[in-house]
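These notes are about the structure you will find just below.
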Amino acid sequence: MSKLCSLSEAIRDHVHDGDLIYCAGFTHLIPFAAGHEIIRQQRRNLILARATPDLIYDQMVAAGCARKIIFSYMGNPGVGSLRVLRAELEAGRLEWEEYSHFGMISRLQAGASGLPFIPMNQTAACDLEHANPSYRRVTDPYTNREVIVLPPLNPDVAIVHVQRADANGNAQIWGILGEQKEAAFAARRVIITAEEIVTEEVIRSDPNRTIIPDFIVTTVCHVPYCAHPSYTQGYYDRDNEFYLTWDKISETQEGVQKYLEEWVYGVVDRNQYWNKLGDETHARLRVSPRPSIPVDYGDY
Amino acid sequence: MSKLCSLSEAIRDHVHDGDLIYCAGFTHLIPFAAGHEIIRQQRRNLILARATPDLIYDQMVAAGCARKIIFSYMGNPGVGSLRVLRAELEAGRLEWEEYSHFGMISRLQAGASGLPFIPMNQTAACDLEHANPSYRRVTDPYTNREVIVLPPLNPDVAIVHVQRADANGNAQIWGILGEQKEAAFAARRVIITAEEIVTEEVIRSDPNRTIIPDFIVTTVCHVPYCAHPSYTQGYYDRDNEFYLTWDKISETQEGVQKYLEEWVYGVVDRNQYWNKLGDETHARLRVSPRPSIPVDYGDY
Amino acid sequence: MEYTASELMTVNASRLLSNGETVLVGVGLPNLACNLAQRTHAPGLIMIYEAGVVGSRPSRLPLSIGDPTLVSGAALVCSMYDLFSLYLQRGNVDVGFLGGAQIDRYGNINATVIGEYHHPKTRLPGSGGSMEIAGWAKRFYVITPHQKRRFPEKVDFCTSAGFLNGGNQRAESGVIGKGPQAVVTDMGLLTPDQNGELILSALHPGITVEKVIANTGWQLKVSEHLTVTAPPSETELHILRELDPQKIYL
Amino acid sequence: MEYTASELMTVNASRLLSNGETVLVGVGLPNLACNLAQRTHAPGLIMIYEAGVVGSRPSRLPLSIGDPTLVSGAALVCSMYDLFSLYLQRGNVDVGFLGGAQIDRYGNINATVIGEYHHPKTRLPGSGGSMEIAGWAKRFYVITPHQKRRFPEKVDFCTSAGFLNGGNQRAESGVIGKGPQAVVTDMGLLTPDQNGELILSALHPGITVEKVIANTGWQLKVSEHLTVTAPPSETELHILRELDPQKIYL
């Protein structure tokens, strides 16, 4: 049964004010188009969870969508701060909940597995544990030593961008996998955005490549270039220049609002956004092919 | 650095009397050639761990290699009993330690992750928990409900058969993945047997397909048809006929010893074993191709 | 059309599956029942195998539940740890199918041992994934021939939980699955009453209540709404026999 | 040949890596240092990125640690959960590299906050993977410019554990990693003494002991075996500048 719909329908129907949402993807496959659509539809009081909030949450917070952020690394990777988020936290205008990367990912893993808690070994650094009451300890019954435990994280919605999916939602990813699978299984609703919608035969030619099965997927949207300025392995490059530019743009509130006016409110959808970026940017982000050597499953 | 050596060298150097060994593979990729080599080299007092002991451990126990077995399903899948193991257990001649599949796999996952214990939810069936003191309980600090926990399993040696590996030990598997990855990461030493040794370029053309990285691998052996009567996806079929035949062979001790004489002690290596199986069997197990549709990683 | 006891059970089991459901397929007759359902009334049945295969469309009958035909053309393959965690424990499996050497009054299953655990009289294969399937699939079914020794008042060893000692015990244990919803035998169907006790709710054509009671190890109650099952259709039998031409199971 | 402070630090950091080791590569200068080592004395260095990439051979300098160039031609890609579990927590990572806003007397690192946690004066990015890297890599190194405000007696917030309060505290905590084995600055190298206190063990050419002491926030001890580092070679500088032609880091 096809679950195809437009991204604007998917956000309208499945992202509600007050939801805890997880836009998945570690550097790779960040669903910027979905973030922009959420801004355009003016969702409010969201709890935004991501290991790395990245520019997508900096922009959503700047647009007034969020009341709280859950994260493990609040930086512009390789560049510096996420200035909007940093200012909001320093000013006490935004709630936050903080983990280490493994803590954050472990919470998703517990959520995805239906476990009430998940253990990790101690790291000897205890200040975060003291600052965040979600961290607890449990005594290992075999050695009597303490381990750190964390509770599950179960987002209301996970938004997961993938290279290819079929119309039912079977989704395949290659390149950095991040926490895409865990976020999808942990969430109550799953929105898939895909660079390409392919036939079931393409997916079923390589079942080991499939990360998310159709029956946990709520809806599937065909959104080419969804991830810009992040990237999609094999489809287009990361726009490092824009990551550096955002550092300048976000030096002032005016800069940020002007950006949102022009690039979010000022376009109707991702297609228009991508065209607006222009030929030069398209050429800069183009990537030449490097195909995988196929494997043989055998016709049994 | 190439780690290639013959299977007989690998067993000689890395499998010792008294070791806890894990021959990995759930139905798929069971390293029968390694089991037969261990029999030929007359290892003794081994602890044999596998979710499904399958014929490989039935044969190794019959040959006198083992003092104990750790398992979660001791059957000939789709056929019936593992008659040798069953007789040994009923006679009290073999120690055993028993889990459910998830319990067994969880122990490997804990071992692979460096965790002192791993939780699973209760199943309401408590008799196994009472029969096996490795099962313990821990109170979830968030809900005050009890979960089941298990300790890590860290084999001395894991033997993992794969479709293709490079000479350094980077190994790729497709088809049923079972507990191959977890067994390798949990073990102190890892012996890789591979249908094909390929160049590094083949492996690196598809890094998402790699399950085991070279630096955890002790040694790599090129062993085509290693898995027969089990199978290697895309290379040859499961020999279901032999699984049915073994049920007859193992009706008597004489039948088993005759089999071992002819097919294990009576051949020097897997190559001779495979040739001895003959053209008719080769033809019966041949499989026609069904390749995966390649993906593009991009030349960044 | 003539049919065997195995065929009868398999057809009745397959009818318990609905289109679009996810089913954790066990070895043997459950495997046949699911493959039959996918080829008849439930083409959208999503077959999951504990080996880590999801959305399987086998082109031949697999002898084992780890056969390569389950993989080629499947929707997804994952590790067993993922299969048990993300699918079963997370509650993503609608239906499980189990066999077993003994099923008792409250639907508990023994697949481990006859006699005392540490000094087995008859050692059986053990749980495999059935402990988790019984606990965590939203519901499960049992397929087994109807013989007195297979239906004791109480199992020697509880490998997989039914309703434990009845009443609210299962619900109170906190497991997410609702337990056994039917036991399909070659005489009829047993289903749990409100107390979790298995009672006779349907007879296969030509079987009498007395015969079933005589082959059950406890005082079997009979449902007020006792029905008779429809015999296997020609289509069902035809497909079934195509699936198992060598009659390994049938 | 002239060189910048960043170049000096990066070259010295790269020299701490041995061929065949596994290194968990952090963003920024560590990334440059590892890429430099792989292109000079440690061609068999196995670079691991917390995003889940193992055995990377990037053909260009990645700005972020999640760049596509890390993936194309890598040996293995796995989920982040697997990376942190099977690689880091399991003890499969030999070396980690960390930065940080503050490093204190006992090598503890603050990358979280200046001021009080719940009312931050300056909010920093936070741990990312550095809490686990500091705990579980067999050893780790820190790269940071030498400024008094960056080297306080005690960090405002301990994001990543060094030797805690010194003595046996770290060993007794049970973490598998041996902690920081060197801090590479633009003035020299600090290494831990037996008590886990960072002391000055090497100066870069032209730097005086007094200058280092003046730029350290505690009474810095000087090693009895104080050495002077070799200046960056032409080859090292040449490769380094090729790696970062836009001088994003250098």
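The chains carry the letters A, B, C and D, assigned in the order they are written, with residues numbered from 1 in each.
We adopt the following convention: contacts are C-beta pairs under 8 Å (C-beta built on N, C-alpha and C of every residue); 3 or more make two chains touch, one makes a residue touch a chain.
If you're wondering where the values come from, they're calculated on a predicted model, not measured in any experiment.
Asks: What chains do chain B and chain C have as common neighbours?
Replies: The shared contacts of chain B and chain C, listed by label, come to A.
Asks: Of the chain pairs A-D and B-D, which one is connected by the greater count of C-beta contacts?
Replies: A-D
Asks: Round to the nearest whole Å and give the separation of the Cα centres of chain A and chain B.
Replies: 37
Asks: Which whole number of Å gives the spacing of the CA centres of chain A and chain D?
Replies: Those two chain centres are 28 Å apart.
Asks: Averaging only over C-alpha atoms, locate the centres of chain A and chain C and give their separation in whole Å.
Replies: 40
Asks: Among the residues of chain B, which are close enough to touch at least two other chains?
Replies: 114-115, 120-121, 145, 174-175, 177, 181, 208, 233, 237, 287, 290, 297-300
Asks: Where does chain D touch two or more other chains at once, residue-wise?
Replies: 53, 67-68, 71-73, 77, 89, 136, 176
Asks: Kindly provide every pair of chains that touch.
Replies: Going through each pair of chains, those in contact are A-B, A-C, A-D, B-C, B-D.
Asks: Would you mind writing out the residues of chain B in touch with chain D in their complex?
Replies: Touching chain D: residues 1, 112-115, 170, 181, 185, 200, 203-204, 207-208, 210-216, 297-300 of chain B.
Asks: Over in the complex, which chain B residues touch chain A? Could you list them?
Replies: Listed in rising order, the residues of chain B that touch chain A are 114-121, 136-143, 145, 147, 149, 151, 163, 172, 174-175, 177, 202, 205-206, 208-209, 233-235, 237, 287-300.
Asks: Across the complex, what residues on chain D touch chain A?
Replies: The touching residues are 27-28, 50-53, 62-68, 70-73, 77-81, 84, 88-89, 108, 112, 117-123, 125-132, 134-136, 157-161, 164, 170, 173-176, 248.
Asks: What part of chain C is in contact with chain A in the complex they form?
Replies: 20, 22, 44, 46, 53-55, 57, 59-60, 67-69, 71-77, 85-86, 89-92, 136, 176
Asks: Under the definition above, what is the set of chain B residues touching chain C in their complex?
Replies: 26-28, 51-52, 71-75, 77-79, 81-82, 86, 89-90, 92, 98-103, 105-106, 108-109, 120-128, 131, 145, 174-179, 181-182, 231, 233, 237-238, 240, 243-244, 287, 290
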